[in-house]
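Shared between the two complexes below is chain A, which has chain B as its partner in the first and chain C in the second.
After this line comes the complex of A and B, so read on.
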């Protein structure tokens, strides 16, 4: 009887493993090909030159030198770096702050909180391209019309394009953040809040001293994920302008996407080198910030 | 038991999902096919040129080979051409990654980065059909003989050819002949003023236009540009006059304004330089005599330079670019461009629609506000008239709804405008214009591994390059093919006035094919081809810069200058 049970248990284990591998095989293969393979190839490419008729040749550090030269001498790159930093700063200061406040609002079930939940999550239900299209028509046609066409479309006027794009980024970014923050807030033990209330805590203090410390890991995750995407965030520029975004709003993420999408194989080594250099800048920053936030952030134990 | 069922069900769903994703690698063809014939699958980029020309050609091909066995031993006789029109997958930018997963054996497409395709192994080497005479169709010439030598040289990749030239896209200013005549927007014979409204060329003589000639000389009709502005100055006098008559001189798409306003700059630049001074931008060889060194007032002071790959940066300072920028600046800052031309939501189809439907046959659309004026000129390409016919509720179809019969395409007269010259001393010089696109027929290497099918695919491509098919193509679409051929008079007469004007320009102007086999061009085509080098540190679209009104043409031109160090940093690998 015991032998039978043992055999039955082993068979079940084998089946469970088979099921597990069925589930994991495809994503694992994709990870190997599209992450490990692509990045490894990109690393090799950064040290090569390629010509259609000449083929591959070893380039040493030449691609890195060329990237550095452009970063230092080409004013467009200064604009792109500044725009990338500005995008992150706005997402951080405005986006995360407002997302936290809205989440707290919803968590505390304040008036119209459900309406807020729907309105803030709505942009995430629709495809980004649909949102871009709606927003484009709204800012290019509807808003100028409201003001008797006293000015042009907000996205096609150089002075208004950047704030409009940043607004769109923050607005469409609320959904996921609010969902995650509200989820984290709902896990806060009711007893802790009740106890604080008995001690006469105000809502502002409750947010600062109970809610925020208890959702700190979620908060750190958003800061770190945003930082890691510092040089890949393209501010939805490709969706709005395709390949012709004005120089004044371009980010490094947009430049890389556009260059890789429309570029040719001889240009890829340069882009691969730039990618590595950006990783070299972003990676330590991400780790340092993560370490600082974990070390000096509020502790719950 | 329940858990077991759930596990099996989940596994089945998972497998089904996996197989569904794998099946994306090869489209399952669900169309009914004639099993008594051999199928030839053809994909076509269904843009402005459309697909009707291909359906017609396919019918003729099927008829010609209805008794031929292409797959001996299978009992199949004749060929069935199965056509798939598409605007996304068969666009040259996307096609390369799709070739392995589409069933089509031949693709007619545009915006092709030729070198990328040639080295990819995804397209078939067509050197044989490129160089052998089209004798089975009763012709002595080969496709190679019909191809511009510069294009043939560019297509030659280590002695092999991987694409056959398809159509030739020419861009510039399109104008409404009916409106010009009705308002009297033609210059009078001595160029001092305009002809009386409503008068034809026969009723009142017009100026000689930018070619400086009139009448038929040596079989060439020079009267087609009569009355049109000969210089930039005349062009802006005309714009002033249009404005006084409540006509908006120009419109273009705001959504694609980088590309379309760029067409105008590119056309003006090419016409100013002519082939001799324009081609060094691609060959990086030859001598140019108009490198701007300084300015005497607003007149550029120039010098000569022999261009080599190391000196390519000097071409950013060619005088033609400066004059083109001046033209754009004046056009935009004077308000001669409809404001919609700067709206991101104003598509090229919408621009064509506004162009043809605001005014027709002496009547303005009654539904329009008084502030909306008829439009005299459109910046677009030679495919626009065909494109404006394709959508049921736009373009000419909308014009027909508004104006009835007179709004129809065949009852309208439009023309492609030979561009005015920058300076009076350039009048009489030939009109030079450069292609703005690369359009090819490609044979898919993944779907033509069967020897017999490959032969059939090559036969169809050759068939499409016979003189008769080239002529039918142009008659159907109004667009010239990228090969040399004559158009018979009877087919020309069947074409619209616009299509005839395009053919006239194609046949008589100096057409520049802006490609070269130089290693520098091949390896950096994405930054060196059409219009991508008109950038400054602050702007990448001249039209936007002037619309912003914060920069002059001169400042833009000076900011475009590239230093030798910058040039070396970007391109020295290919010197």
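After this line comes the complex of A and C, so read on.
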């Protein structure tokens, strides 16, 4: 009887294994080609040189030297690095803080919270491109007219372009965060909140000692995902300016997209080398921040 | 007692400030949209004289013109140029957003199901780990390599090619599905197994129906993301310009016939309408309770 059960159990396990592999085979193959393959190819590309007659050939560290030379000698890159860091800092300090507070407001079902939830998510639905076009013409035409043309368009004036772009990024960037934070907050056991209330906990303490610690994994996710996108964030520049964004507002993400989109095979190795160098800068930063956040994250009461 | 009142007051202040901020935010969202609709009803001449105010003589001329002006010229072989107009762009948008949205959602759902429901296999943990690691690891500058790869594999500039490229289980929605399937008790399936149901039957007839609301929400979100995306079609399917691609080209065009700001704004409004309708119909589903685990393994 026991042998029969064992055999039947093994048969079921074998069937489960076969079914499991049937489910994941195709996605895994796609991952191997379009993630591992693409990145491996990108790594190889960084060490190559392209000539129109001879095709690709080994270039050693030449591409990396060129990138380093440009980073050191071309002032545009310093501006782009600073803009990328500034973009992340603003998203982190203003965007994530406001998203957390808004989420708490909605989670607590305060007045009009359902309406606000819809409103906060709306920019995600209505297309960044459409919002960009409407915002661009509004700030370039309507706002100056409203102030009797005392100043020029907000995006075409040097002093106001960057703050306007950062405002737009934060203004349209709450949707997914609020959706996920509210989802995580709704999963907090009611009993934990109720018992804390019986102990006389204040709403501020409830947020700091119950809500935040229990949604901490989701919070860390957004911090880390944002940090991982440090050098790929385009600040919506391609939508605003297409290929003609002023250097003073450009980010590394915009530069890389623009160069790859309009690039030709001879430029690919240089871009791949730059990508690899940026990955080596961002990678340790991401892992250190993740480790710190998990080690020193808040504890529940 | 006095202390308690003070605490309540502080929270009331928080509520008022937040409510005020959110009200301001909501109004600020509508201002450019309403202004855009108003501007789209003006002639270029009137817009130059009165950019901010309401139109004195509203006209739908821009909407009529947009159907003529909103096109993309696609260079084909040997100098032949094919003009793709709005109706065709809508079709390409449907194929791109519908196809990629469905494939991306299905792939994330099925892979998450496998990883969540078969924890006895080491590969389940590997799959979860892959998703977490790829979300964290900042891979930068691999676009040239991806373009090169898509050309080498013959996927470049084909609709089925972009569908294959988007058949990825990576990303947040894997975590959403994984958390959901992990939360579903195994008891449901056990009874079916006792009745002799196969693994496929259990997945299709028991677990997937339970996941239908989340699946539909993610599908809608993916569809909208792809519908609104112009950067991927711009690179990978240049012969299949979508509406977003067309509006981007139209909005930034330097052609004199398109140079009027009201007609460019009209292009944006035309793109906005289908999604706005979709949002109004499905907003409850779209912003339902979606949650995910963190990236801590």
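The definition used in the following text is that the second predicted complex is superposed on the first by the 265 of 301 C-alpha atoms of A that agree within 3 Å, B and C clash if a C-alpha of one lies under 4 Å from a C-alpha of the other, contacts with A are read in each partner's own complex, and residues count from 1 in each chain.
Keep in mind that, in the parts below, a contact is a pair of C-beta atoms (placed from the backbone, for glycine too) under 8 Å apart; a residue touches a chain by one contact, two chains touch by 3 or more.
All values reported here derive from a predicted model rather than from experimental measurement.
For the composite obtained by superposing both complexes on chain A, the positions of chain B and chain C are in clash. For chain A, the partner with contacts to more residues, out of chain B and chain C, is C.
When the two structures are aligned on the shared chain, A:232 is found in touch with chain C, with no touch to chain B.
Look at A:70: by the touch rule set out above, it reaches chain B but stays clear of chain C. When the two complexes are overlaid on their common chain A, residue A:51 makes contact with chain B while staying clear of chain C. Here chain C runs into chain B after the superposition, and of 75-83, 111-119 or 147-155 the stretch doing so is 75-83.
Shared interface residues of chain A (contacting chain B in one complex, chain C in the other): 15, 19, 23, 26, 137, 141, 261, 263, 265, 267.
Those residues of chain A that touch chain B in the shared complex are 15, 19, 22-23, 26, 49-54, 62, 66, 69-70, 73-76, 79, 136-137, 140-141, 149, 152-153, 155-158, 240-241, 243-244, 246-248, 261-267. Residue ranges on chain B touching chain A, taken from their complex, read 7, 10-11, 14-15, 18, 93, 113, 115-116, 118-119, 157-158, 254, 256-259, 339, 342-345, 519, 522-527, 535-541, 544, 547-548, 550, 565-566, 569-570, 573-574. Those residues of chain C lying in contact with chain A across their complex are 7, 10-11, 14-15, 18-19, 21-23, 25-26, 28-29, 31-33, 35-36, 39, 47, 50-52, 107, 110-111, 113-115, 118, 120-121, 123-124, 127, 130, 134-149, 153, 164-165, 167-170, 172, 198-200, 224, 227-228, 230-231, 234-235, 244, 247-248, 251-252, 261, 264-265, 267-269, 271-272, 275-276, 278-279, 283, 286-287, 289-296.
Looking at the complex, you find that chain A touches chain C at residues 13, 15-17, 19-20, 23-24, 26-28, 30-31, 33-35, 37-39, 41-42, 45, 98, 101-102, 105, 110-112, 115-131, 133-135, 137-138, 141-142, 145-146, 171, 176, 179-180, 182-184, 186-187, 202-204, 216-218, 220-221, 224-225, 227-232, 238-239, 242, 256-257, 260-261, 263, 265, 267-268, 271-272, 274-276, 278-279, 282-283, 286-287, 290, 294.
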